[in-house]
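Heads up, the next two complexes both have chain A, just with different partners, chain B and then chain C.
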Partner chain A sequence: MPATASHVRRAAKRLFRWCVVNDRLQEERARAVMQEILKSKRRGFITLLSEFKRLLTIEVAKHTARIDSAVLLEIDQQTRIKDGLERAYGEGIDSQFSQNPDLIGGIRIQISSDVYDGTVRARLVALGASFGIRSA
Partner chain B sequence: MPGLLEELESQIAGVRATTAKQNIGVIREVGDGVARVEGLSDAMLNEMLDLGHGVTGLALNLEETEVGVIVLGDYTLLEEGDEVRTTGKLLQVPVGMGLLGRVVNTLGEPVDGKGPVKSDLAYPVERMAPGIIRRQGVNQPVQTGIMAIDAMIPIGRGQRELIIGDRSTGKTTICVDTIISQARLNRAAQEKGDKDYRPLYCIYVAIGQKESNIARIMTVLEHEGAMPYTIIIASPASDSATNQYLAPFAGAAISEWFMDHGMDALIIYDDLSKHAVAYRQVSLILKRPSGREAYPGDIFYLHSRLLERAARVTEKYGNGSVTALPIIETQAGDVSAYIPTNVISITDGQIYLETDLFYQGMRPAISVGLSVSRVGSAAQLKAMKQVAGQLKGDLAQFRELAAFAQFGSELDAKTQAQIDRGKRIMEIFKQPQYSPIPVGTQVAVIWSVQNGYLDNVPVTRVKEFQSRLTEFLSTRKPELLQKITVEKALSAALAAEVKAAVEQFKETWS
Partner chain C sequence: MNALILLIPAQSGGQVQQIAETFGVDWPHLVAQIISFCIVCFLLHRFAYKPVLQILAQRRQLIAEDVANREKIKAELEQAETERRRIMLEADAKATKVIEEAHAAAARLLEHETQKAVSVAEQVIAKAKEAALLEHDRMLAELKREIGILVIEATASITRKMLTADDQRRMAEETINSLARAA
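And then the complex of A and B:
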């Protein structure tokens, strides 16, 4: 069977689905799949690996929260945010905190496609957009 | 000043900073007017998306891990990795009387250089067609001014009548003549202060046409004084496939404003063949499965949901209407091809234009045998029904006998008379471009033919007879034509008046 792009995509999707049990990604299974593909070196294995990686990235992003703040947050602030995220999105959310002075003030939380942007920079951009000024 | 400062302070104190949740995605791939965006888990079908750089798009493909977006604007400004946001809005176009006389693009932006469009309201481009309960039967005529159509293939307000034929057979000309005819009727009623007359506003949607053609049509409409009652939506061949795909829906939204406000609108889609091709291009780039002739599987639904928006609604909903005249271009006269058969099955009849008739000098080149109006005489003035009722049958017989007569055999007097009558009827149906004929004149001319007043006029002089009769009636008997238009039926007394007028004219004819 020729390894066409659509075949490879379908194969990657099947392998990915095997790695997800009860809506959670099983790391051991994902590792096993990766090892097996590398070992087999079947036709189109690089494309298969790339597609598998893309699906894994999307799945990991669903359970990863990126929290950017203008100043470093205190431990209790971080804990409150983590608890809030777990209440909204379920347990097992991997929270990554980082500092970004360009935000000026406030916090930006992104988890998968959802963004909660309470930063001063975002408000200034929105204000500018209302006057027809586009940010760079 | 102190009062202003206090007010500002209280406003600042009252401000509550809130954080709204946004749904974003990232462009993974962009090209050919389509962007594939990863993320956007909350995107809805046909939702407008903000692609950044002042560019918007429509979400058309909702897949498991990404969204296929068609770009409304310059897609070359977009790059892989750009953030995309949902807006929670549908694509809308400005609507209202402020669009009359204007030429706009698919998004309702003016392209005629006459400044911004005056509009307070916007309608969504994609909208559900009126339901069954909201509709009422079609029984008001659209006077196209083309005798062959008004007599034998009458169109009513709220009907969908397809105009189908090969290239250069006069499809657009029929539509332009209809617009000019409506403009003349609208103006005449306006000047007379006729409150009972319902003006018909026209919307011409140019899809994939040459810009020179659109410019020529606009010039003709301006010259004939039709532009104040017309809106042109231009999506020329140089426009993106996305804009060509959306243009008819934008036109339908604009026409629906008239219907919702108790007015009548006529919308011309020129042409839906190019529209289908644009949709095919968009679907193939979105990697949707292709079917027959590489068209996507929902090509029928594309046209059915568009044409179902033409309707006549009940008194309760304003008694307005939208009449649709879609145009389809066939190849080598093949009406059994995919897109033509689709649209024929959707519409309430078709006007079929034949190349052979066109080159024989029969213009408009309407094939009476293959053309039909499923609404029929319900949408015809009673006077026209009275005089033109038998025309179709007479012409059908003429066509059969004419083929028979080609063999040169001797014919009996009755057969010869039928053939002669048929030739004269065909002659009176020839009509020059941009010259719509008022209904009163049509009735008088057809009455003359059906009652034998042209039987002794040579076929080659029938057009001359018709032209001079028309001139005689409009200059010496304008009140008679007016009576026919007002009374709408030929009573015995009125028929006698018509007879007297025609006989008076014939005395002067040589």
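And then the complex of A and C:
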């Protein structure tokens, strides 16, 4: 079991690559890796587990889209959003829809670091910025 | 006198003798008195008049010296008075010069201090103006912020009440279309 931080990072990256097949994270492999790390209980296994978890979190965030809307979206709208996300970011995007009345109107889509914000709240925030208000 | 008497001719000797007898002249007695008188004169001259005269001469010399000294002192006094006047005039001139220099220095100092005070006052005024401008800007920004908050809250409240289902759908469509364009 590696001991130094760089060794831990390299090992975690190797294990993570083994879990990714055809640019898709294999959840079974990831679970198996984590169970093996926990079973081993060698020196530095907690650090290795933390690094592996961090890589998994980044990968999951890349393929997870959060869609917030002021009112519940219709089925065809949800379908069109999923299609649009898969066309833009590839297959296997996990879309999570939620209702947030604070947005007042419109929808907000966030995937990884990309944001598509057409909400009234976002426009009010922009208007507040012009008045010198940091958050509306 | 005795010689004069002896020189009288013999024919007139009798008359002189007669006159002397008439006035009661006793020749031996007269001669003795004359000798006594001469001795007295000699003694007076020797022991009285001479010392007195010497003393008088010394007094006269002392008086002359005193007079000379007085003249000398008077001259020295006059010279001292002249010197004093000259010194007083010089001192007066120096004092006048010093006073004039003091006046000039005071005027320069007053001018310098005045300029300094004016400079300080200008700086204070400039700082006050700057502070007033900053305060004005801060108040404007605060007012703008307060107005902005009111506008945003009012807009949010009104928009929340006025948005219909069609508006919600239309707004969602706009975002979906922008996602489609990005794809």
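Assorted remarks:
Assume the second predicted complex is superposed on the first by the 133 of 136 C-alpha atoms of A that agree within 3 Å, B and C clash if a C-alpha of one lies under 4 Å from a C-alpha of the other, contacts with A are read in each partner's own complex, and residues count from 1 in each chain.
As a convention for this text, a residue touches a chain if its C-beta (ideal position, glycine included) is under 8 Å from a C-beta of that chain, and two chains touch if they have at least 3 such contacts.
Values in this document were obtained by computation on a predicted structure and should not be read as measured data.
Superposition note: with chain A as the common reference, chain B and chain C can be accommodated side by side. In the superposition on chain A, A:21 contacts neither chain B nor chain C. Of the two partner chains placed by the overlay, only chain C lies in contact with A:127; chain B stays clear of it. In the superposition on chain A, A:87 makes contact with chain C only, not with chain B.
In the superposed three-chain model, the partner touching more residues of chain A is C, compared with the other of chain B and chain C. In the superposition on chain A, A:55 makes contact with chain B only, while chain C stays out of contact range.
After the chain A superposition, the centres of chain B and chain C are separated by 30° when viewed from the C-alpha centre of chain A, nearest 10.
When the shared chain is aligned, chain B and chain C each come close enough to touch A:116. In the superposed model, A:77 lies in contact with chain C only, and not with chain B. Nearest C-alpha atoms belonging to chain B and chain C sit 6 Å apart in the superposition, given in whole angstrom.
Shared contact residues of chain A with chain B and chain C: 116-118. Chain A makes touch with chain B in their complex at residues 54-55, 58, 110, 112-118, 123, 134. Per the touch definition, chain B reaches chain A in the complex via residues 17, 19, 21-25, 38-42, 53-54, 65. Residues 141, 144-145, 147-149, 151-152, 155-156, 159-160, 163, 165, 167-169, 171-176, 178-180, 182-183 of chain C are the ones touching chain A in the complex.
Chain A meets chain C in the complex at residues 69-71, 73-74, 77, 80-81, 84-85, 87-88, 104-109, 116-121, 124, 127-128, 130-133, 136.
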